[in-house]
Every structure is written in structure tokens, then in C-alpha cells.
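Note that the chains are named A, B, C, D, E and F in the order they appear, and that numbering of residues resets to 1 at the start of each chain.
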């Protein structure tokens, strides 16, 4: 029998501190209520996947979401890891019109790295924080099927179908699916697909509440050269106007946003994955961070 | 399209603030995980039922619990409200051996006040914060039955049975039951029961995770005369040693704690309801407040 | 071991008596079959709520309905009880254009009396006859929301929404809901609503089989001055013709009937609640009593 | 629009008549409540199966039971019908030690008559009164299996197993099973079983509330020669004392009663099937008719 | 401990034999996958119902279908058995315009033979092979209702309604329904219906995958005089062209096929029931036997 | 419209062929009936995993099992693939007391190869044959946890717990789990576990019907030097006698068999995976192949 749960007796300071905590928890209440039972598809990639502190904060965020009854689905990429493995294995990439060719050796590396390294590592990471994560690939029970994008590019696929039912059932079992975006072609071969695009297609098929891209930038810039022009909120219409000027890795993200919102996803986000707990802050606090795109500004 | 969700651009201070928020939310995670799907019976009474700010913080706490998947059940008293109504109606209490007699007129006032004032007001309060509260009385579907305590005391009852199934079904429908502790006697009459005891009996019947008393003191004192002797944690054995020295309103609470822990309730708490968000802080933060009693100190 | 279950040996008279009983039970069969699994909303008020013999016969009727698998929902008023309580509390009613104003003190009395007296008493009455009754108010889980009818009248509301789902779930749990017709306003305040209108709105929201008004008259009269002109059956069209001539307490009932039948309720009844077992006789015997109104005479 | 539902205006006499009806319906309430959801196995045979008025009253009784939520299961015999068919087909019965031998031709007649005549006729009869009856034989999905009783008697079987699950599932589908008591032998052949015994075995396997024999006598007599000695109630112990003196068709009934009560059936009845609505009167009125046997007199 | 499961050690011949077995089992795989969870209505009649070896192979086929998760429903006739019974009973058929009259005596024979002989025998046969068969007649729970075809023909009915829900529920319980095609008339009498037509109506009501007629011919002939003109596959359009030239027992089958395919049944088959395992071979092997008719040749 | 389903007209030879097919399908019936709804855990490894024809026959077997309602769970190894990858990556194995050490680099290779190569390839293989396969690793939702076997061996684990519930739920969703036997240690690291042992532990945790080892030998030999001494059947007792003489890769298999049978698995098999369709033949034909071990010889 001790005085204080192993802690000093309450003081004014302690009470003030407690009130502050309570205020922040209460602040999260309307967001939890709004998003409970809804699905949030998170594209996980870039720095946030490599930095240990960011990895831990990401795992905590996902676990908190799942614990309060929101359903996260994670789709990950693995470009840098694939490039490193190819180099390690001495595979020299070849190119067609500036696009990398994915030949038979390369797709084997892709599968091995995405499934055997990145996916399993994320599942382990989440498991360590208490989430009931399960790794799945597009090959599992026909989750993703793809058509060949261009014969010259080899095993590069465009997603044709998503077996949303499989994900819904895993979610209903209380699991957090972690998806490696390889797909089965009609020829039975494995095809690599763009992770950003896969995330969008999965969000659309699930009718998700949110599609979130964790990136290495602060958000969507009005002027890509000027970091001070981050857009906080945009409608779908405004995004469509910006789209022709977009280049690089942001393009597949934004194209996916357009498609996903068109298919019923309510909100899309481009977040700065370099900020710890970016996901948590976006979902559970009124400030929001990065760019949010929705059909209409509400 | 605006820069910032209607808020100034992120600054170092803002980021530090955000990190603080994230830390506090993450701190709650293990508690949410531990208590999800479990039932917490809260005896609601005293100052926390009267002060507007405390009422609001209580309603927020209950709503947050319900929203993250914990199942609160509220049992309320209403002594001061009953006394006021009796005075208003000009009913002069009579006494037997120092105990107040509940005659036919008095039990009518008790029912009218507990059910028609206190209970309905709490339901409305919670509804206003977003909880799906439903008022029930011990008369509903045989929720509480009672035996007469002492013929000289009239309609004062001791709880004999609790229809836990009714509460379980309401909980399963996503409702937050708010219980007015009147009971049906075998003679068909209404009996008043002690709210502290009713809360304990309901917690025991439900096999609740926690039984929480919101009180007007800081917790259980080792020496009732010395406010600095609040006990932070006690085992059931330690409590039993203290019990003979306990007097007043704390006695039925602690007797109920002993019974409830014996019947499988995991933890009992005596909290200071005068502190805003006492419930939230006890459940979702590591500090804890007030006194916690459990079978074993863990 | 006795001859006869504690009764004299069968005689011709006893057999004739038995045959009579069997005939009456068999007569009820087609009605039970027709209404099984259907909902019957009963507005309970007037003499039948005050006379002990009528109270008992009402409770028996409701319990029998529930026991054979028909789903009764009770909506009660409490005008006289409210007036008595106001007088007791010394509240003098004020009037606007001949309508009583419900100020803050008055609405408190309304809530206290409807919920804490009338509702709880009906629940106890039904429980005593074996029904699994549960008291609910319009405040429970958003059951009834209302808009202010006229600012000059204060807390008098018109029902805007009915959470039929809550009632359906209580019914599915085998419970008999007893509804006190107070509602939550958008301003969070309690509003008093007309019990006749509330019964109609609830029947409409539930798609009930029947909406039954237990009244202090024999039924609907063609000529209100002439008791011999009780109408046994009317179509909705015939009722609409009569409506302009209707005055007093019958008006909100008949307006609700028109709305409820329009919303899919099959049959509405105005019964003489002063006749014992009026409900039972209307539902389970071919004679019928009072007035029945339906879309078409069948 | 008419005055009275096509009936004369209410008179005192009519009201008195109505009150009488209500009284009888209310009288049935405690019995319906007690037996709702319970199973009642009825052995149907003798005069009540042949007389048109008795057939109709039986069908009405069963339909009423099913409609108020009690689960009847009917087991029928068909001795006279079988004898008539054998005679028609010119089959001369042979005997062994005074017992009729069931050879291959005979068992074919038994099956044809029990299943193709008696069972189908009962199903049609019940269907005509509104019950959802389904005919089953002991051959359906292994409902009844039997061992040969005595090689000299041919295809006469003793029941070994009852597939109570099949009956439970049919009941759960809202069906009223009508069982023809033939069984499958381990040799795959059809065996005839005693219908009284089959009813008892089925009641035991189902853990039925009641096992009812509809017979051509008033009940169980203390002295079979003296019709005035009908026993109204007996305990299992009292029945066991009487058993050694019992002869004829009553013997298998009473032996089955002993077994069924031993296996958990609550009450067994020997009723006079020659009285219209015997079943209804026994179950829904306080008088009771015939003999009731239970573990203990309550 | 023995060498070989009670069999000689593996030899090349044994392995070759084993490979052959495996090949055949694998060949069945796509068919099982295609038809799993689907319903197949089989009209059972003719030689295949009389020859012991054919009976056994039929029972095996049905049991195998049920065991791998396909849902067979059997509808049987019994013309020859009825004729034999009529002759045995000395009933001389009368005729109207060349059609046999079914008077009261005759319909009794029909019921007794179809239900008490043929149906019960099939149920026993299937039970002996391990299927959970249950005999039902059109009288059970309103399975089949019929209108009189022609007053001069007496109790000959045309099917008006099929209670497909009853069959679906029996199937859902894992049972194999065996249907005797008698029906209830609106007058409450039993009517005989054509088994071929009944099978078609049942298949249509169930939205079956297949409607299979087991017949005494090889299939549908283009030229009924020339056995070499068996048609392997026909579309519904082609069948309609042939229909005017069809005579005899094939006509009701093909008319039923036209109706059933029109109502959504996918495939109809006319198989040679004289070939052992005709059903199995048609369903589980690529060769197919007899004639298959479908909306479109695929 | 064609004669024959695109095949020549039936001939005697064709009919004989068909009869042979039917016979083999019927032969499988009792086995399907016995094992329907039961789980069969298959350890997949060795030659059968590498030879294309054997891979195809294995995939067909698993798909057929799943299609007829038996629940296969596959546990695979990958020793040769891991060795090849290590060599490719230039990792030189180190040894402790003759056992290979699994250091940090090695466990990464193990994970990458087992999960990213072998597991994903099996899932794709099965998907190509129509099975709804899903790859899982011991890291998914805590499927396998392990303790370190020996500090000197590094990341080599012994299975401590199996989350059988996860597998049961996947099975209930109609999925075929394919398990990569890596596990999570209490330290959060990945541990490699013996696939044979993992298969046994999973079979035990699931209470599987069968545990099947597909190996590169004909079965269990009484004398390992003499291929003619293959044992067809052994009891658990007999196996225990043989165990001390067993060496090499057969040892963990047989130890697992002993544990699994002790934990309630009914039958264990050591099959020759070099024979096409070994699994199918063992399960669906009376001959059986390889060695079967069960508690008792039946």
C-alpha cells in the first residue's frame, strides 16, 4: 500500500499537466467518432520507412488507429530497397524510352525484396507495437490482377482488378493488412505495379474514407520550386487544374487521388512523412498537416 | 484553396506542440488496448453531478470511453435532489433508530426525482456530447429486484438479483445504460436502494473490468483526519484490514468493492470527482488519481 | 394422487363449459396468425390509465399480445397528472392565444411527471403482469427530436425525427417499449410533444400494423352530439371528409391517423378504453369495438 | 362507413359476452407464457384420428399451439388402417406366441399405409388449418434406427437411436413435424415400431416439455374396471406402483412415460381424445382433463 | 505394423494404375468447382428406378454430388407402380378423350404409392449410401399447390405455386429433398401432377443450375425413328424448332425445359438412365452423355 | 447442334471407359465423406517442390482437397533455396558443434528466401490451379512465437506458441493458408524454425485430422539401409520403439508425429513426394502409399 501509484503526491503542477492531457484526449474525440469503422488506406514509403524513429512513430500511429476502431490498410513500395538488391546481385538495369525494363531476373528481385524484406519487416514492426498485422501480396487469393503495361517493359503491370472482399474479411477479423503491390497477370506471371497507384486502386475498391500518402515533402505545392506555397486544402476541381503542371513521383499520387475521389473515397492526403506521428496528427487533431483534397471543401 | 487548414503555417513551436499532442495520444494506447471491449461501471454522484464544468467533463469522458470501444455503465444516486424535493413538497422525514424512514409518499418522491429528474438529465447530458445513452431503472425488465431491509424503514430495499443480461444486450446494441437504482420488491412495490451498493452489485453481475466511485474526496485515506494520507493502491487484503475503521458514506462503497472484487471485478477505484476529467485521467494516463484497489498489486 | 386436478369429476356442464372455452380460444387463432411478428402502437391515456381495474385489464392485454408474438409499443400521455403536479408545485399556467405556455419550470414538471411517475408506473404495472417492459423517453439515444412549435409557447415541440431503429432493437430483444413523449430539441433542451401525435409518428416510423388510441369515448362519432352515431369502420377517404368537423382532443388523433395510414400503417383504431380488455377484444375477436380506419374497407 | 363492424350496436349482453371472452383468453396467458418455446410431443391415434369433428378440433389445437410459439411434434400410429389394408390385400396375419408376425409383405403394407395414407392425410389436415406441417418418417436422414425385436416376429423393431437434431432443425424452421414411426434397421431394412414407444423416445430425445397420449379412454384408471376411478394426477413414483397391474395398450404408453420422465420430460398426459379440443383444454385452461404424470406433484 | 496397407508392395503396374486414378479425379476438379453450392434438380424415373444395379449407381451418384457440396433435389414419378397398384386393387381406369380419369379412389392409390412406396423407398436407398435424404410431398408446408386441369379428369392438377423456400431451407440443413409430386388444390384436395413438369417447375423456382431428366432413351433424337440421330447439344432456339414434332413422354420434359431455361435454369439434360452412373459422368467428366440444352451453346 | 458434345458417338469402349471413371470417382466417396470439414496439414518440401510436374500435381491435389470441402494447410521449408541464396550472396556458413549458425545476415537471407521466394511462389502456383491460397508467415498476427534454441546458434528458434485461431479464421473464409515457418522471438527478432517441427506444432494446435510429410523417400523404413522394408502402417507405440534408431531429416518428422498424435491429430503420413499425386492417392484411394501412423491400427 503506497501513497501515489508509485508517484509523488498531486501538486498544482501535476494537476495542470493532467488537465492538459485530458484536453488533448478530448480533442481527439470527434475525429474518432467520425472515422470509427471506416477504412484508411495508407501508402507507406520514403524516409518514414527507413528512419528508426519515424518507423516507430508510424507503427504507433497505425496501432492507435486500429485500437480505437478505425481500419488501416497499408500499401508499401520499396524502390530503394529493390535498387540496392539489384546492385548487390549485379543486375544492370536496361532502359526503353527512359523507362526501366523489368525482365525475369528483375521481377524475381522485386518479389523477393517487396515480399521477403519490406513487407515482412513492416508486419514485424507493427506486431511489435501491438497491431495484429498480416502481410498480403497481390498474389494472395487473387487480391490484385494486372495487365502488362507495355511489352517492351516486361513484367510491369497495370492493375485491372482488386479483390476488395479479401481485404474486407481480413479487416473484419480485426487484422491490419499490409499489402505488397505485386500482381498476377493473366499469363500467370508476377507483375510489378506502382505502389502509389495500387494504394489508390485499393482505396477506391474498398470505398475507403481516406487515402493517405506519406511522402518526403511537406505536401502539394502550388509552385514546386517554392516551399512556401504548400496547399493546405484543395477541391478535386482545383487539383485537376494543377495536374498538368505536376511532374515526378507526385504525378501517380495525384492521378490516383483523382480516381479514388471519383470512386467514392472521401478525402485524400499528401502528408510529410518526415514529421513524427504525421498520420496521428492529421487524423486526430484539428490542425491537420500537409495537403488535404476532397470533392468539396467543407 | 488555402495555405494551412485555416491555420497559420507550421512553425517550430507548432511542431513542438504537435509532438506533445502525439505523445499524449500514444500514451493512452496501451490503456485503450487493455480495456477495449470491457465494461466499466461508474457510480456517478456528489459534486461532479452538480457543477456544470464537472458535468461536461464527465460527459466527455464517458463519451470518449464509449467511442474507443470501452463499455461504460453509469449508476447514479440523487440524495440531495431527493431531500430538496421532499422539502419542496413539505414531507417531513421520520426516523427509526437514526435511519430515515421511506414511507409511501417518500418513495414516490424518490422515484420521481431519480427517474424523472436525475436519470433523464444525465441521459440528455450524455446525448449532448454524442454518447448513445439510454436511461433504465431497476423496474425495467426486472433489472433489479430487492427485499425489504427492515420493516420499520418502509420502502428501503436490499438488492437480491440483477438482470445483467438486459444490460449486456443494451451494451451490445452500442448503448450506454444509465441506471436509476430503484428496484422491484417481491410485493410488487418500488424500493429505494443505496446507489453505491447498486453500482457494486451491477459491476459484480456484469463481471466488469472496473468499478469506479466518483466522490467528493481525494481517495481512501489511511487516516480520515489527515488529508495527506491518501492511499494510491491497496490490495483487497489491505482494504479488509482498514474496513473496521471506516465510517460514513465511504463504508457502503468499500463494502461493495470487497464484494465486487470477490465476484471477479478486476479493479475498483475511489476517485476525486471534483477534478475535471478524473475518469479519463485514471483510465488513460499512467499517473492514475485517487485510490485503486485490486485483488493483488500488480 | 387425486381424482381430478383438485377439481370435481367432469360433468356435462363442465364439458359444455370447456367446449365454450375452446371455441373462444380457436376464434382467436386467425387473428394471432395474422398479427404475429407485427407491431401494434398503442396510445395509452385517459380513464384507462387511472382506474385500477382498467389498468389491470390493459396490462393483461399487452402481456398477452407480447406473449403470443405480437409486438406492442406503448406511448402514453399524462396531462391530468402534469396539471395536478403543477398545482401542487404552485405553478400558475400562462396562456398565449388560448394555448398553454410551457416555460422552464413547467417543462421540468412535465419531464418529472411523465418520466418519473407515469412511465415508471406503467413499466411496473406491466412487469407485474409478466411483460418484459422497458421505459424509454424521447431523450434516449435520440429516439425523438423536435423543433419548437411556436416561440411564444416555450418548450412545446413538433416531432422531427423518430429513431425507429432503437425501438426495433428493443423489440427484437423481446422487450415492450413504453415511451414517454418528450423530445430533444436542436438546442439540446427538452420539449414536450403531444402524445397522440407522437404515437402516430412512431407507428409511421415503425411501419406498424396497427395504431390504436385508447380513449374515453366509444369511438369516432358521425355527429359528436349524438352518441348513437358511432362509426364502426371508415376508409381513409371517409375520414378525410369528416376531419374538418372534428374538434378537441379527437383532432390530433385523427390527423395522426391520416398521416400514419399514409405512411404505411395498415389499420388505425379509436377504442373505448373504459371497456375492460378493449384492446384484446378488438384484436382477438371478430366483433371488434370502437372505430377502425383503414386505407380501404376490406 | 357503417355503424358497428357489420354487427348490431353494443348492448349490455354483448358487453357481457365480450367480457367472458376476454376472461377466457386471459386465463390462457400463464400457460402460453410457461410453454412458449417448449416442445410438446403428441401421440395421435384412435378415434380422434377418424372422426371428422375430432380431426378438425385436433388440427385446430395443433395449429393454435404452433401459432402462439409452442412447438408440437406429432407421432401417429395406424393399426386399424394397416389391418384394413392387409385384409384388402388378402394378407392373412400369422402369429408367434400370440404376437403378430411382420413379414416382408406386411412391412410393405405398413410403410405404404403409415407413410402414404395416414401421415400424408394428417399433413394435409394440418395444412388446411394453417399449420406448416411436414411429414417425416423414421427413414428420413436417420431419424429413427431400430434393432430387430425378435427374429420370429420379422420386421418389428425396437428404437435404438433418435436423430433429435433433425426434428430440432425442422422446428427451428417453423415447421410442425408429423412422424410416421417406421425405422431403419442396421440391415438397411424397414422396421415397424410401436407408435406409443416411438412418441416416448422422441419426447425423451428432444427433452420435451410434455408427452401427450390422445387415447380412447378418459385417462388412467386406478381400477381399470371402474370408470369412476380416473386418476387426475400422479407422480412418477405412484405410476410405478400401478404399472404391474396395467394391461393392454395402456402398458407401452405408461412404460414410455416412465422412460421419458426419467430422461427429463417434465409432464406426461393421458387424455381422452374423444373430447373435442382435449389438447387445447389440457394445455390452456386450469381445469386439465385426463391424467397428468410428473416427477413430483407441484 | 505391416508392409503395405494390407496390400502388396507398390509395383510399376500399381503406380500406373494409381496415376490413372489420380488423372480421373483431377479431371473432375473443374466441374466440382463450377457446380459447388449450386442446385441440380433430377427427375428420377423409368428403368433406372427399377433395376437394382441402376438404383445403386444412382444412389451413389446423388450421394457423391451432395458430399462434394453440390445440392441435388430429386423429383420422382411412379406411373408403372401406380398402374400395378390399381390393378392389384381392382380399379379399372376410365378415360376421357383418351386421358385417364383420376377419381377419388385413384388419387388415394396415387398418394399411397408415390408417398408410401416410391418416395420412402428412394429415401431409404439414398440413406443406405450415406446421403441425408428427406422425403417430402407437395402437401408439406405448401410445397406444391395446383389447380384442377380439367373437371372431366378429376384430381389431375397443374402446378400453380412452388414453395422454393422450404426446399432451400432443407438444402441449407444439408438434406437431400426427395419430392413426391402430389399437390394441394385450392379445394384442399390432393391432386396428381406430372412429375416431369413438377421437376421443371421446381428447378425454375429454385433457379437451379441444372435440370436433369433420367430417361429410358439415349437423349433427344433429331429423328425419333432413327437412334443414330441423338443430339448432343442444342440451344433453346434449336429446341423450340424441334418441339412441334415431339410426341409422347418426351413432350412434357421438353416443354418443362423451355420453361425452366426461360426462368433462369442454366442447363437442362436428357440422359440415358439405363447407363450406370449417367449422372456422375455427365456432371464430372468432359465427355458428357445424352443431350444438353442451354440458352446458348458455350 | 451437334451429335456428341464435340466428341464421337458412344461406343462400347467409350462406355467401358466411362464406367471405369465412375468407379474411381465412387471409390473416393467414403474418403471425401470422412474427411470433409477436417483439416489436413501438409509439410511441403524436397523434390516435390522443385520438379515442375510434381509441383503441378501437388497444386492440383491441394486444390481438389479444398474444392471438396477438406481444409489443407501447407507448411513449407526451403533449405536448398536458402543455401543457394547464401552462396549467391557470398555468406560463408559458420558452425557450432556441427550445427549451422544463423547470424543476422543469415536470418535476413532466410526471411527473404522463405517469404519472398518460396512462399510467394507456392501461393502463385496454387492460385494458378484455382485454389484461394494466402501466404502467411509466423510473424503475421503472432502466428508463431519462438524461443532461442541455443545462444551459440543465433536466430534459430523453437516454437513456443501457435495462434491456431488465425489459421481457423482464414480457413473459415475459404482460404488455403501457406505458412513460411519463421517466428517472432520474445526479443522481437525473427527466428528460423524447423519446417517439419512447425508443421507438427501447427497440426497439433489445429487438432488436425492428418499431418502429412511429403518426402524424398518411399516412407518410413524398418531398416534404413533396405528399401524393401518400407512400413505401411504403424501405431504410435510401434513408432516409439523405432525412434531411437532414426537419424537425419526423418528424426524431426517422427518426433513431430509423436507429439502431434499425442495432441489429438488422428493420422500422420510419410509419403513419397516423388510420386505424382501422392497426396491425392493417399487421401482418396483405398491403396494408400507410404507410411501411415496412428494411435491405434484400425
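Operating definition for what follows: contacts are C-beta pairs under 8 Å (C-beta built on N, C-alpha and C of every residue); 3 or more make two chains touch, one makes a residue touch a chain.
On a predicted model such as this, the values are computed, not experimentally measured, just so you know.
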Contact distance in steps, from chain C to chain E: 2
Lowest number of touching-chain links that must be crossed from chain B to chain F: 2
Pair with more cross-chain C-beta pairs in contact, given E-F and B-C: E-F
Identity of the chain that, by mean CA position, is farthest from chain B: E
Interchain centroid distance [CA atoms averaged], chain E/chain F, Å: 42
Chain C and chain F, separation of their C-alpha mean positions in angstrom: 67
Chain A-chain F separation of Cα centroids, rounded to whole Å: 35
Set of chain C residues in contact with two or more other chains: none
Chain contact graph, described as a line, ring, star, complete graph or other shape: ring
Order around the closed ring of chains, commencing at chain A, then chain B: A, B, C, D, E, F
Residues of chain C that touch chain D when the two form their complex: 1-7, 9-10, 14-15, 18-22, 24-30, 32-33, 36, 57, 60, 63-64, 67-69, 130, 218, 222, 228-235, 238, 275-277, 280-281, 284-285, 287-289, 292
In the complex, chain C residues that touch chain B: 88-89, 108, 111-117, 119-120, 123-124, 127-128, 132-137, 139-142, 166, 169, 173, 175, 182, 184, 188, 190
